[in-house]
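In the two assemblies presented below, chain A is common to both, partnered first by chain B and then by chain C.
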Partner chain A sequence: MISASIMLRNFCEGLKIIYYPMTNIVFILLMFVIAVCIANKLDFNSTLKTNLLILPLVLASIIFLFFANIQNFSPQRIFPILGHGLTETFVTGLLNLSAFGGIAYLYFLPPLLKEPQKLKKVTLLSIGMTAIYLLLCISAILFMFPSFISANEISPLYNAARYIEFGSFFQRLESIFLLFWMLAFACYLSIVTKFSMNIFKKITSISTKKPLIDIFGLLIFAIALLPENFAVSSNFESSIYPYLVLGIVFILGISILVLASWKKHKKRIVNTEEVSNE
Partner chain B sequence: MLKYKVGTLEAVMLILTIVIVHTILSLPRDILVITSSATILNLIYITAIALCIGYFIYRLLRNFPRSRYY
Partner chain C sequence: MNKLTRNIFIFILVIIFIMAFSSSYFSLSMDNLAYVLAIGIDKSDENKLKVSFQFSTTSPVAESGSTKKAPSVIDTVEASSLSNAINLMNNYLSKQVNMSHCKVIIFSEELAKEGISSEIYTLINDTQVRPSSNIVITKTDANYYMQKTQPQLENLIAKYYEIFTNSSEYTGFMPNATIGEFFNTLICKECEPFAILGGVIASNSQNDQSSNSSSTNNAQRDYSIKSSHSPISGETDSENIGVAVFKGDTLVGELDALETISFLSIKNKADRFLISIPDPTTSNSYIDIYMTPENMTQIKVDTKTGSPYIQVSLRFTGRIYSMENNENYLKPEVLELISDSCDSYLESTFSNFLYKTAKEFHSDILGFGKSASSNFFTIEDFENYNWLDSYQDSFFDVDVNTSIKSSMLITETNS
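Coming up: the complex of A and B.
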């Protein structure tokens, strides 16, 4: 929830800089928060179906962005092949594992799946598609912009989208990309809020989560307003979020699963011994 | 939430949502700052690690097939 709220703040700051310089950030934040509150009043299946509709559009837009910018690529920017060195690439570069933060949802999926036996397929397919998507995005930015310039402080992908042109008629298509990205962001917020509300409902044993919808919406809004400026929220995303993902999703999550499996295995051995004694 | 069951494709898109949103923001810049021109090599490396971790998580979750822990 906290990271989703800070990301919302970052995204809205970017929108403000690009399209709404005279608008107060509060109104841009409210636009998303109200949309999320309304979406959460509907069933989970409506959010999933909307997600299923919008995300392929976003994926297609990224593929389009990659191929439309091929004329601006400089393949020499891949050199030196080891970048800053072996240690930076393979040891410090492990921090980039936080890009696969979506693995966190794997912990919550099994009871929700229509076909639980397909969990393996879901796991491997999602990680594979994540990798391909990341490869396309980062290759586009790596080949277009020199590495010592950090492309665009707001959104490197937006900057890459500005270079797309087909003749003099089809230029400046970045608005369409931004529209798809805004829809994807709203879907993301809706999903995060739904999962957070359900976890809260489980912890507190309340019967219905309807009163929580507006409260969680307000919570997102309040946390998004906490950073003083874009620099603070951007710093959270760059410096703190990767460690949160590594610590909670990978280390803590896997530790809990390993301990639970070991406990279950021990219980099974005790039960087997009791049955054989009888 | 538990009344509706999630399909395979819907589950994949659910997981992809996280990375897509993060990539729109500053994830590419953060990755390029650390690994610079070795980013593609690093991505292949961490994908292999993520696939191993994902498969390990699946093997552990398989021990709890009917548990409604959530």
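Coming up: the complex of A and C.
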């Protein structure tokens, strides 16, 4: 939830620069927080159905962004193929796996699934789709721009969207892209809040989540306001968030898997001994 | 919370949000904005910059069918930086300068020779400036160029700025250089920036042209023109022919019409173009061919030594445009001869152009560095090779393969 709050701050900073230069960041943040609170006050199904409506739009917008910019691509920009070297690409570059931070949510998915036995299929499909869409986004940015002077939550793809033009009539499509991304971000925040509340409910064994919604909304709002400026919040995202994701998603996930496997193995040994004793 | 309290809370919240966001919408209201169509940036004697803004007026003219031209206003301000100039103009106009409809950014040659990176960075950092805005380097003052840009066939100057680069697709006389591309090439380590070369038709240009090129053939002379040195006269005094070549952020040279055709052909930016080649069947005569690129330019860069060896291969199809008496363009041997003449002419022209960019300008405006980077495994290796400086030692091998299909409508002119 901390990382989602900081991401919200970065996203809102981008919105402020582009569309709301005279509006205090507090109000832009509040728009999202209120939307998240309302979404969570409704049934979880409504959040899922909203996602079902918005997700195809976002996915289609990314595909459109990629293909509409093909004329501006320089595929040679992929070279030199090893970037800053083997170590930088394959060792330090492992931190970029934080882009797959969404995998963390899959851990909490089974109780919410109608058919938990399909988890493997859902997991593989989500990771595959994430990988494809990340590849499309990164390729568009890599092929279009030599490097970035700055890159916040919106800036690289927003810049790419600004290049889309079909003649003198069909121009300035970045506004509609921003609208889609705002809706997508609100959905993302709703899901994060939902999972956070679920975890909190299980830890504290409270009977209902309803009173938590406003508290969690306020928490997101407060954490998003914590960074003094954009430099601090973007520093969190580039320096702390990747380690957080690697720690939780990969190290913790794999550790649990190893421990569970060890426990299962131990249980099997005990069972075998019991059978042989009998 | 009862229903009434909740409704009051929601009402108060809506009011707060309306007030919070209204300032942003109010600042973007049309009544408070002055829309810039073009910005001209000159070097000033006293201060650093003299910035001219061309605005559209909202007078009710230029309706459908109207022959009245919509007036535009040019205001100029001197300031130490572009952002200060915009600020001063905001105060002068009592409106906020908005650049979301700015189509052209014009720099004077004098300023461009000293470097324009700070202005480019400022403009690209502005969310209002479109990356598709064209960038023009004028041989005269930018302000003078703007004053002389009075389109004959368009009532709206904004419409003219929107379409003025379209002719490059079928003439190849100027590139569609945009500020977005200029910025990308400016920060790129594999290529150098370029811009449209603009100018104002000089009153004695025709005389200049004839005296300067007295040794060249008439047909060839048509292709050695560039802005401010062209044989054109008309109601519109501004013209855009050629390319302004940059090394980093500094203007280092210009390309004429034929060199611009070469530039756009190798860069795959020319859809079609007309050239005059020596007629192989008649001595001292030239034949006009309408060329169409057949596929993408093949580029190979060898970086085994400190002097890059660059192989460029192009394929064209052509149709004979000019007609002479007693010609038969249906004979395969005639078409073969013309194809050969075209190949050797283009190879020589492209080769001269490439050596000019390397030896005279030291500027890789064609972005061969992008192809060269595939020879290196890491960015550090590529940076150690120092491509942008090594480019001046390049050697070129140009291979052109032209297939002359036929003439246009008339294939035989036997009298």
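Here is the rule we use: the second predicted complex is superposed on the first by the 255 of 278 C-alpha atoms of A that agree within 3 Å, B and C clash if a C-alpha of one lies under 4 Å from a C-alpha of the other, contacts with A are read in each partner's own complex, and residues count from 1 in each chain.
What we mean here is this: contacts are C-beta pairs under 8 Å (C-beta built on N, C-alpha and C of every residue); 3 or more make two chains touch, one makes a residue touch a chain.
These numbers come from a predicted model, not from an experiment.
Once the two complexes are overlaid on the shared chain, A:Leu52 sits against chain B while remaining clear of chain C. A count of residues in chain A touched by chain B and by chain C gives the higher number to B.
When both complexes are overlaid on chain A, the residue A:Arg77 reaches chain B and chain C alike. Once the two complexes are overlaid on the shared chain, A:Pro116 sits against chain B while remaining clear of chain C. When the two structures are aligned on the shared chain, A:Gly247 is found in touch with neither chain B nor chain C. Of the two partner chains placed by the overlay, only chain C lies in contact with A:Arg162; chain B stays clear of it. Counting contacts by the rule stated earlier, residues 77, 79-84, 147 of chain A appear in both its interface with chain B and its interface with chain C.
Remark: chain B residues 1-43, 45-47, 49-51, 53-58, 60-65, 67-70 touch chain A in the complex.
By the touch rule above, chain A contacts chain B in their complex via residues 7, 10-11, 14, 43-45, 48-49, 51-52, 55-56, 58-59, 77-84, 88-90, 92-97, 99-116, 118-131, 133-135, 137-139, 141-142, 147, 150-157, 181, 184-185, 187-188, 191, 194, 198-199, 202, 234, 237-238, 242, 250, 253-254, 257-258, 260-261, 264-265. Chain C meets chain A in the complex at residues 13, 16-17, 20-21, 23-24, 26-27, 127, 130-132, 162-163, 180, 184-185, 187-190, 367, 370-371, 373-374, 376-382. Taken in their complex, chain A has these residues touching chain C: 17-24, 27, 30-31, 34, 74, 76-77, 79-85, 144-147, 149, 159, 162-163, 165, 168, 171-172.
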